[in-house]
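To start, I am sharing the structure in question, which I have written as structure tokens.
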Amino acid sequence: MNKLKLDRRTVATARRLAAAAGRPVVDLARSHTTVSVERATLRLAGITGADPDGIPWVNRLVDTVVEQVGLGGGVAGPVFDALQRDGHQDLTLLAQKAAAGSVTFRAETPAAAKRAAARAVKTGLAQVDRRRRERDRLIKRYGDPKQRPWIYLIVATGDIHEDIPQAQAAARAGADVIAVIRSTGQSLLDYVPEGATREGFAGTYATQENFRLMRAALDDTSKEVGRYVRLTNYASGLCMPEIAALAGLERLDMMLNDSMYGILFRDINPIRTFVDQRFSRQVHARAGIIINTGEDNYLTTADAVDAAHTVTVSQLLNEYFAHEAGLEDWQLGLGHAFEINPELPESFRLELAHALLARELFPDAPLKWMPPTKHMTGDVFRGNLLDGFFNLAGALTGQGILLVGMMTEAVVTPWLSDRDIALQNVRYVLSAAGNLHEDFTPGAFIRDRAHTVLGEAVTLLRQIGRQGLLDAIGEGTFGIMRRPADRGKGLDGVAAREPGYFNPAIEILDGPSWTQS
Amino acid sequence: MNKLKLDRRTVATARRLAAAAGRPVVDLARSHTTVSVERATLRLAGITGADPDGIPWVNRLVDTVVEQVGLGGGVAGPVFDALQRDGHQDLTLLAQKAAAGSVTFRAETPAAAKRAAARAVKTGLAQVDRRRRERDRLIKRYGDPKQRPWIYLIVATGDIHEDIPQAQAAARAGADVIAVIRSTGQSLLDYVPEGATREGFAGTYATQENFRLMRAALDDTSKEVGRYVRLTNYASGLCMPEIAALAGLERLDMMLNDSMYGILFRDINPIRTFVDQRFSRQVHARAGIIINTGEDNYLTTADAVDAAHTVTVSQLLNEYFAHEAGLEDWQLGLGHAFEINPELPESFRLELAHALLARELFPDAPLKWMPPTKHMTGDVFRGNLLDGFFNLAGALTGQGILLVGMMTEAVVTPWLSDRDIALQNVRYVLSAAGNLHEDFTPGAFIRDRAHTVLGEAVTLLRQIGRQGLLDAIGEGTFGIMRRPADRGKGLDGVAAREPGYFNPAIEILDGPSWTQS
Amino acid sequence: MDTVMSAAVIRPYGDTTGDGMVQVSFTLPLAADKRGEGAALQLAGKMGIDPAMVVHARPIGAQHTFFVVYGRVNHLVEPGKVVVAERDYPLLSAKEVNAAIRARLRRKLVVVGACIGTDAHTVGIDAILNVKGIAGEKGLEYYRECRVVNLGAQVAVAALVEHARAEKADAVLVSQVVTQRDAHLTNTREMSAAFREAFPAAKRPLLVVGGPRFDELQTADLGVDRIFGRGTTPREVASYLIHAVGAR
Amino acid sequence: MDTVMSAAVIRPYGDTTGDGMVQVSFTLPLAADKRGEGAALQLAGKMGIDPAMVVHARPIGAQHTFFVVYGRVNHLVEPGKVVVAERDYPLLSAKEVNAAIRARLRRKLVVVGACIGTDAHTVGIDAILNVKGIAGEKGLEYYRECRVVNLGAQVAVAALVEHARAEKADAVLVSQVVTQRDAHLTNTREMSAAFREAFPAAKRPLLVVGGPRFDELQTADLGVDRIFGRGTTPREVASYLIHAVGAR
């Protein structure tokens, strides 16, 4: 598609600048580790369960190791060393002992312990690989959605047992992807809750058991509807690496995973975020999971016209970081959103320009197109209309994943009936006007706007190249949020990798690229 | 505009065939008269008022004349003869006497009486001309709407005193044209009710006083909003000629006036309709009134895809009849509608094909684009969405007059809030996407569909040419309603014009075209 | 008509069982200020919504305001106490209807249909009567053992009575679509009164009325034998007719 | 807070004064059949809608049905009995606020703001506090005589109390946007209880809470001094603060 007649040279320049801006951050990620990266490694190595207060054993274990020998050498070595010395083969038991104060960890790890650690992690990754093959098989059996964009619906009751029937109802009514929205506050928890949960606020906790329950329910529904229904959750917040690992183990299909969201919107420390980010993406790459990036969020705090180019810049950065972590283009659900003030003259054509720019910049990525939220009001009648025009823009510009907007956006988390009304809306638009793109040939207004945004993005990338990405973030470049590199939550969970740093998961994931078997 | 690449020769053929099919009907109209044509003539000559039962004096007078001397010679002669013989100068008084049985009418009319009749009618037409100049002045003063399409809203409370504030509110909120919907049943009344009325069902009676009150109120509002707000009513039903005359006298700006609606949807006799039709259109031509034809109605009883070509045929016939009656292109609000089943795949693109066909066939006519009604349901959320796509289709295809759809179409006559929601909808679509036509270049699907419909229209016109329009109507060609020429209401009010037929209004209106002074 | 017995009590469902959530909209003849919002909350309260949230308030002119309210309604719905016009006759196929007419009447069943009063909406009655039918079902004209006389729109009650008499109608089917100012109710009552006056009870044709806004339980009030609402299909009507005419 | 006296009694307005027409929608956990519609009518009846028309019924899965109901509500709205949180202080310009602070406090007015609990919606509180402001009005940071400490999102109540003490806050401004499971109410109550415990009554900073779904009349219940709802502007807040702090 080249409806915008973008200049190939400018596009290449933009990519080059994004890589230059991202590279130092990748170096940072490669030279640090975090408690969550280490916990994720142990989770892949097989640790499970939580103490009676609900704190996972993996947290108790890693905390003890860090206390005793520090974080910078990696945790897997000391843990498997202790395990071997102890004679035990069970990480969870070891964690319980460690929590009771009866284990002493050592900084130096013998080769045998390292081998044992590597074996354990490989077992976990093999499970991730099996899950991926299982997905491929089920997709072959039940089929992919017939149409693009895929229809993506959220459930957000806070209670996994209300979520499940609602998700199934949505899938039966046409949803291709179900996202279980996460409880407020989970992103700032430095542990992953355990078990099936029923007490989230405006979302349900992301737990391994909830993942499992929902995936199983949607497998049933996939069979019923003859279409593989995908499941999404959030690899975001302080536990991003661990949740990525759990998602791989439980065959989730997509994950919200953005390079900067946690920094900007959860005030998580930038370095913590970038380190966690890289690991989580490597796991997603391996698991065949499609990531959804979070550029849409910027437009809830910044103006969608003024800040349009910051979305483009972020998409280019997300793309660079994703490729670097091993994700392929088909896994890049780069985000953007229909958030221009509807009172602005030509707002719809401006949306088309922005959406088409993303489409043509990333032709092979299944872009994730987010509905209006900021300018939705309690006027639910108008709301449903706006959502219809959002759906139309999605169809006209060939978006890959359509997050379905709800008329009650400004009122409540979606009701059962809201989803039904919203799905009807999508179905009408796609059926009635889904092919209107054949009759859509952007004129000067749309083309000029797209060129302007791309130009502004290049200028901003140059600027970021000069000052460094961390400083740019510190100065409020994205979403008007200022986030200095030495502030924010979770910084105490970060350490520079020490010379002998050992992490078998990273060794494998950083290693020569494995092929999907 | 030539986005469809219509074949000019086919278009010319279609017009030629329509003229051929219409000509015999015009001959019929020129050789007959009806009680309503005669009453309209007397109304132009100055008769007003009603008897204590609410029956207008003009009805009482015409009935008496017809009883005594028949209809075929025209009524104005006998009436002005009697008036002169009586020494009176007041038609209303004469009517009262005639009703009391104390006037004898003669068939032959002396020249002096004819001159008096012509003078009186000229006075009435002069008033119509004054009204037209007044409109021109007010438009110059207050201005025309800034945008196309003009926004057309209905009020339908049944009570002129509720209608007025609602119409004013609508105009303030952005309506360019207010239509006062008529009470059910009025079209079959063979008289025009008198005075201000408050008891209509699902519409308000069309009376001269109601016209006056509403026009005056909208003149106030025009001044207030700095935009001339147009007023519409119905010149339709058994009293079409009289209502046309009253509309001219009271400066209405548009009138619903279709060549076949009364036949098809009110079972009014075809000949009665065509005769009344021609007179009413001559009056509209003189009054500078824009007519709105009723093709949209066919699609409520016939399928909008199957019968698309019947709309085209009817538009061509309406155009022919209108030109023949002296209307100019800018006065032709030819009707069509967004009535394709929204469940039909590609329904929106089919709508675009149909709407664009009308646009390109009648480039100088202010097409009147009607909203979805038939497929509206009690789901008001979906309803508002459909109306939004209707508005978009209107903008994409350059319609002239947009009748604003209401989300409650399937529920109630419009509420105050429905109009407000509907206006917001229109405003959003026009502001956000009003210029999207710049980016709209119909592809093969839309072009092919338009060509198919035009082809089918030509075929049908040929067929009508062979069998005659009256027979075609008799066989259910339009709206699947079968209406034979010798049946239907109001036939007893029709007479062939006799050799000495005298009607000063028709003489003037048929005469060499007057120019607007 | 019957009443169902069922123990359960239910509430509206927003996104959690029992949450009782509903949406309401209305216009009040008040300005769009805090007082107006307070009045909207008052009304919501009287409707049983508590807590109620005014989520949208939009002035329409200076004297009216449109409100959208969301909230939890505290009424309990008792499905066990719901009274509905249940189908108290078997739903037959066209073939079965024809056979039943032959068996029970030994002649054709005569149906006279019309839109009465000033109502000109014939699509509904045509859907029931004309061959074309609706929703994939053919109309009564298609039934070999029915004789259908469809008088069309805007038929005066007196004329309808005359036709019914002349055709020896077994049943008279009347459609009413316009409901503003309760036109449908007024017209139906006028119609049923006229038939009762014109015919002795035993000879009176069955009176059936239909249209999208009728309450199917209002038969006694309107003086008709049966009411059909939104989405009626011809088969339901045919099955009812042979059931009711046969029972006479 | 005050009560208005007004004789009139009004009704909702559809298209005619006094018609009482309203629109309602809800989902019931019932199948989409006549019984379901009957239950919808029953609920409408309990809400005071009579006559009620079910104009739309759509199954959502096998066990739920969405209904749209129109009808006439028979409640009367008494604007005279409406109680609203009226502004009981003068609305000042930024200049006037600054002057009043100088005059009454002779030092800067200290405001500490935050989103508490797990709520991370800062746009609302930022609109009130940041220079940027909202609806063309600048936020409190812009007021020369205000010292604003905006703690941002997801602040724990204990941390908020500590900051308020450390900054010697005259007023604490808390935002709560997430309302699911009454999160906003729970968090606000926790916050006000903590402040009451931590400060003697005379020293306690003014407690102000805001967000789009609060009921402005609920101050006593929530233990705060003032509640601001949907569409609040910074000037209103600033005017209130100097009025209330000044009055202490």
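The first chain written gets the first letter, and so on, giving A, B, C and D; residue counts start at 1 in each chain.
Rule of thumb we're sticking to: a contact is a pair of C-beta atoms (placed from the backbone, for glycine too) under 8 Å apart; a residue touches a chain by one contact, two chains touch by 3 or more.
From a predicted model like this one, the values you see are computed outputs, not experimental measurements.
Visitor: Between B-C and B-D, name the chain pair that shares the greater number of C-beta pairs in contact.
Guide: Spelling it out, more C-beta pairs touch across B-C than across the other pair.
Visitor: Would you identify the chain whose Cα-based centre sits farthest away from the centre of chain D?
Guide: B
Visitor: Could you put a whole-Å number on the gap between the CA centroids of chain B and chain C?
Guide: 33
Visitor: Express in whole angstrom the distance between the two chain centres, defined as the mean CA positions of chain B and chain D.
Guide: 52
Visitor: Could you state the distance in Å from the CA-based centre of chain A to that of chain B?
Guide: Their C-alpha centroids are separated by 60 Å.
Visitor: So what's the Cα centroid distance for chain C and chain D, whole Å?
Guide: Chain C and chain D have C-alpha centres separated by 43 Å.
Visitor: Where in chain C do residues touch two or more other chains at once?
Guide: Within chain C, residues 13-14, 17, 21, 23, 25-27, 53, 55, 58, 64 contact more than one other chain.
Visitor: Could you list the positions in chain A whose residues touch two or more of the other chains?
Guide: 156, 379-380, 410, 412-413, 415-416, 421
Visitor: In the complex, go through chain B and note every residue touching chain A.
Guide: Per the touch definition, chain B meets chain A at residues 342-349, 352, 379-382, 384-386, 388-389, 392, 407, 421, 424-425, 428-429, 431-433, 435-436, 438-446.
Visitor: Considering only the defined contacts, which chain D positions touch chain A in the complex?
Guide: 25-27, 58, 60-61, 64, 66, 117-120, 123, 152-154, 178-181, 183, 212
Visitor: Under the stated contact criterion, what part of chain A meets chain C in this complex?
Guide: Touch residues, chain A against chain C: 156-157, 159, 162, 166, 377-380, 408, 410-416.
Visitor: In the complex, go through chain A and note every residue touching chain D.
Guide: 156, 158, 165, 168-169, 172-173, 183-185, 188, 201-202, 265-267, 300-301, 410, 412-413, 415-417, 420-421
Visitor: Quick one: which bits of chain D touch chain B in the complex? Just the residue numbers, please.
Guide: Interface residues on the chain D side: 13-17, 21, 23, 53-56, 58, 68, 70.
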